[in-house]
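Two complexes, one shared chain (subunit A), two partners (subunit B, subunit C).
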Partner chain A sequence: MTGSDPAPYRQAMLDEWYPVGLVSQLDRAGRHTALMGEPIVVAGDADGRPIVTGGNGRILPVKVRYGHVWSSVGAPTKDIFPIPEADQPGRRFVDVGVVRVRCSPLRAVENFLDIAHFPFVHTDVLGAEPHTEVLNYTAEIRPDVDEVWATQVKFYQPQASKSASGGITTEYMYRVPAPTCSVLYKTCPPRPSEWDVITLFVQPLAEDRCDVWPWMALFDDETSMTDLIHFQQMIFLQDRSILENQIPRLLPLDPGMEIPTRADLTSIAYRRWLKRHNFTYGAQLVAR
Partner chain B sequence: MKLYDYILSPSCYKVRLMAALAGATLDLRAVDFHPGGEHRGPELLSLNPGGSIPILVDGDLILTESAAILVYLAAKAAPEWLGRASAEDAAREQQWLSFSGRLTTSLGGARLHEMLLRPGDLAALQAAGIAALRELEAGLVEQRLRGRNFLVSDRPTVADIACFPYVALAPDGGVSLDPYPAIRLWSRALRALPGFIEMPGIHRLHELKPEPNLEQSEV
Partner chain C sequence: MRSDTTGFWTPVALSADIPSRTVIPAHVSAGTIALWRSQAGQIAASADRCPHRGMSLSHGFVRGEALSCIYHGWSYGMSGHCVRIPAHPGLTPPETIRVATHAVRDAGGVVWVAEGTPASDPPSLDGLTPLRSLTIEADRAAIEAAAGVPANADGLIEITRDGEDLCLLLSGSQQSQTGVRTVVHVLVATGSHAPQRIAASRNVERLRRMAETASANGNVQ
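On to the complex of A and B.
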């Protein structure tokens, strides 16, 4: 597969921006990786500027944002989605680092949007039995920004973040501004008027393989950077073994494979939005 | 006792698990192994020129081999975890402690490659891991025939703790545990121990659900 692959189901996602590396780890030798099936190299030049080279030596589009290098095997027409909090003074920005997962990039995002699994997968951290009920919340595709949003999500959490001491009811907002990226806004214990920002940036290596780059913008002056990284790595690695065992590997977009419940409103909106835009790289369609 | 620790390291988890089971308290110092590579930095290299973690510091004593750390914790806080009732037991314990190093390089290497993108020959690491799992499976079956449920005796010892984490996390490196029933039983027995703690990828045993109510016609 190369960037000129004419398959229509891939075309829609080709022109999107994807994370391909950490700015802080750019070097001359380069990171040899892949983007949507095409081998790419992400390197830094003598001045530390990123250069991304595609399979046949062509130079790919490149941008630097949110601690990461972004690239595309197509020709992006839009800028990378905005995260206004990334420019807010006083926040600490956390590069959590890459984790590879044998799953569809879309499944990695969908799992991030799910709260019902907290008590069972992130036991005693993001959830605990018997507090397993997902209270009613709102999920929608916002037409003005063309993004998926879930709001008024509330959940009881024994240890909502590294800085939380004791259980609290945490409020969440989820946002999907790009097919393989999600931004989570979460109650910020040290500063109740603000939201902590936790993102999941997913690099699609192939339809059933991805590199996941979590990133955070937090108000937390107490916790060491290493502890912040480890807290998020612990959470994500609890998900990884679950993600690698989901069947089918690709995310089903057509009804019939799975029966959603009310708690899955965000997932349903995400799948509907993917389908509407023909964002089906990593998806399973009945027609395919 | 200060442990230089990484939440995702199975070797560090061995030490945390042993301490939890033995009732010992550790002062944890988080090391930015990934993505920071802090274990290769000057501060940690001065403690352990080998550049690996865990490192346990207790007064003048600096230990950098996880098997030695397990033995130290057990000898200090819970000597019943040392399987030294006979010459055979002592030898078996030492045998499996050394064997655990093979699990680290094979299954652990495959896991680091598949998960954190460390370099390595994945097929060779997985093949070596499968060979080690087959040996462990045979060892556990032989122990069962001797009436013993664990690697050294009829109760768990440091040898079981040394081998358990990399085995339980084999699927992270693309190696299935489905073909090894004795390993799965052993893993279940270890996870059921009072005081057991988990790590990401090793889940606690959730309470068994009650028998589903079968329709009379299905009974």
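On to the complex of A and C.
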């Protein structure tokens, strides 16, 4: 994309913040990666401060938040979305690491918003037959914050998290505050009054390739960090086997290409919100 | 591959390679399809894309007389109609939810998929028994050149030379990421014994190397 003007419809997403690496892994040599088609290097200076360099050596905007380094190939006008739970005492923050997926960054987010696949893709962990029913829930675009929200999502889970022993009906809330980021609030077994936070931060490498950076803020003092990371990585590797085999690889925004049901209300709201904002990097607009 | 004005049959796989309750990807000129066999042994072929969220159906699973998508478990019957949406157990899926299907025949140990609407049955393979299938990274022309004889209208190549006895049934050629590839089925005379079968296997490997080398060197049109 360097050297030529991107198609105007992509402009909307160019000015967003995206995760490009873990703060804990910054080094002088740098991580050679890409952001929306542009090769970038994410390095730490002598004081450990992140520096992100674009394709032609230009310095890109940079921020540090939620364990990750964030950058943009455009000129962001807003701050990174807030996650108030990230400042709440008593939570453990888990950098899960990165999973490379050959799919549209938007498909990766949509999969994260989906619960109906649990019994088939995360069998005996996040779901199990015959508990396949998706009960009615609410999904909306909240005008005050301009985010997609799904609430009152409930699902039966054999082992909802590393700290859950035995099956429970888990309650969820989903939030999409940025085109390639989602925040999941989930029943927290050790503290019924709180929600565990699991996020999906997606780095769009290209329209059909992404690095997925899950991150968690949990109330769980017992499970070892290694076990927490392995549990989430296992889940995301199972998702990858789906995401790399969806056709087309880009997310179809035209109705008619795919058939949703009531269980897909969050996905429907997400697609509508993307379209409304021209967030179409990684989307397919015309049915081919 | 006999081609008439309305369509033809493509030999996509050997019957023995799709046991009951399995699904595999198969290749026809239009692209990849999902080829599956029900619990009762019926063979069926459908488009490889689930209409719900686009998951490849050849990654799915077969239960009873239906093919299920691995993503959310939507199930499709032989006719392509959606028969079950697990997220809504009480719902009878509307008629409009379906996958495109292809006519299939399981004859002579070979599974044939219709491309278009063939006017006749698949060619008969009387006196021949399928041995195995293989994928050659070359197009039909390269395989015919390596064999030294062209395929007949049914896609059959019969080679008899220097004690070589080889009968090949060619499927259509497909573009792949690495170039062109062709699925080839090796057939032997019905009643052949181990030595002839071993010889046929060895001969087809030699032919494969010749065709792939020629193809890699660009020696064929």
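One rule holds in what follows: the second predicted complex is superposed on the first by the 283 of 288 C-alpha atoms of A that agree within 3 Å, B and C clash if a C-alpha of one lies under 4 Å from a C-alpha of the other, contacts with A are read in each partner's own complex, and residues count from 1 in each chain.
As a working rule, a residue touches a chain if its C-beta (ideal position, glycine included) is under 8 Å from a C-beta of that chain, and two chains touch if they have at least 3 such contacts.
Nothing here was measured: the structure is a model prediction, and the numbers come from that model.
Applying the stated contact rule after C-alpha superposition, one finds that A:V98 touches subunit B and leaves subunit C untouched. Of the two partner chains placed by superposition, only subunit B is touched by A:M234; subunit C is not. Of the two partner chains placed by superposition, A:R49 touches none, neither subunit B nor subunit C. When the two structures are aligned on the shared chain, A:R58 is found in touch with neither subunit B nor subunit C.
Once chain A of one complex is fitted onto chain A of the other, the partner contacts of A:F120 extend to both subunit B and subunit C.
Contacts of A:R142 after superposition: neither subunit B nor subunit C is touched. In the superposed model, A:L22 makes contact with subunit B only, not with subunit C.
When the two complexes are overlaid on their common chain A, residue A:T226 makes contact with subunit B while staying clear of subunit C.
Shared contact residues of subunit A, touching subunit B in one structure and subunit C in the other: 120-121, 241.
The touching residues of subunit B, when paired with subunit A in their complex, are 6-8, 30-32, 34-36, 38, 114-117, 171-172, 174, 200-201, 203-204, 206. Considering their complex, residues 48-49, 51-56, 59, 70-73, 85-89, 91, 97 of subunit C touch subunit A.
Against subunit B, the residues of subunit A that register as touching in their complex are 22, 24-25, 95-100, 102, 120-121, 123, 211, 224-227, 229-230, 233-238, 240-241, 244. Taken in their complex, subunit A has these residues touching subunit C: 110, 114, 116-117, 119-121, 129-130, 132-134, 241-242, 245-248, 252, 257-264, 267.
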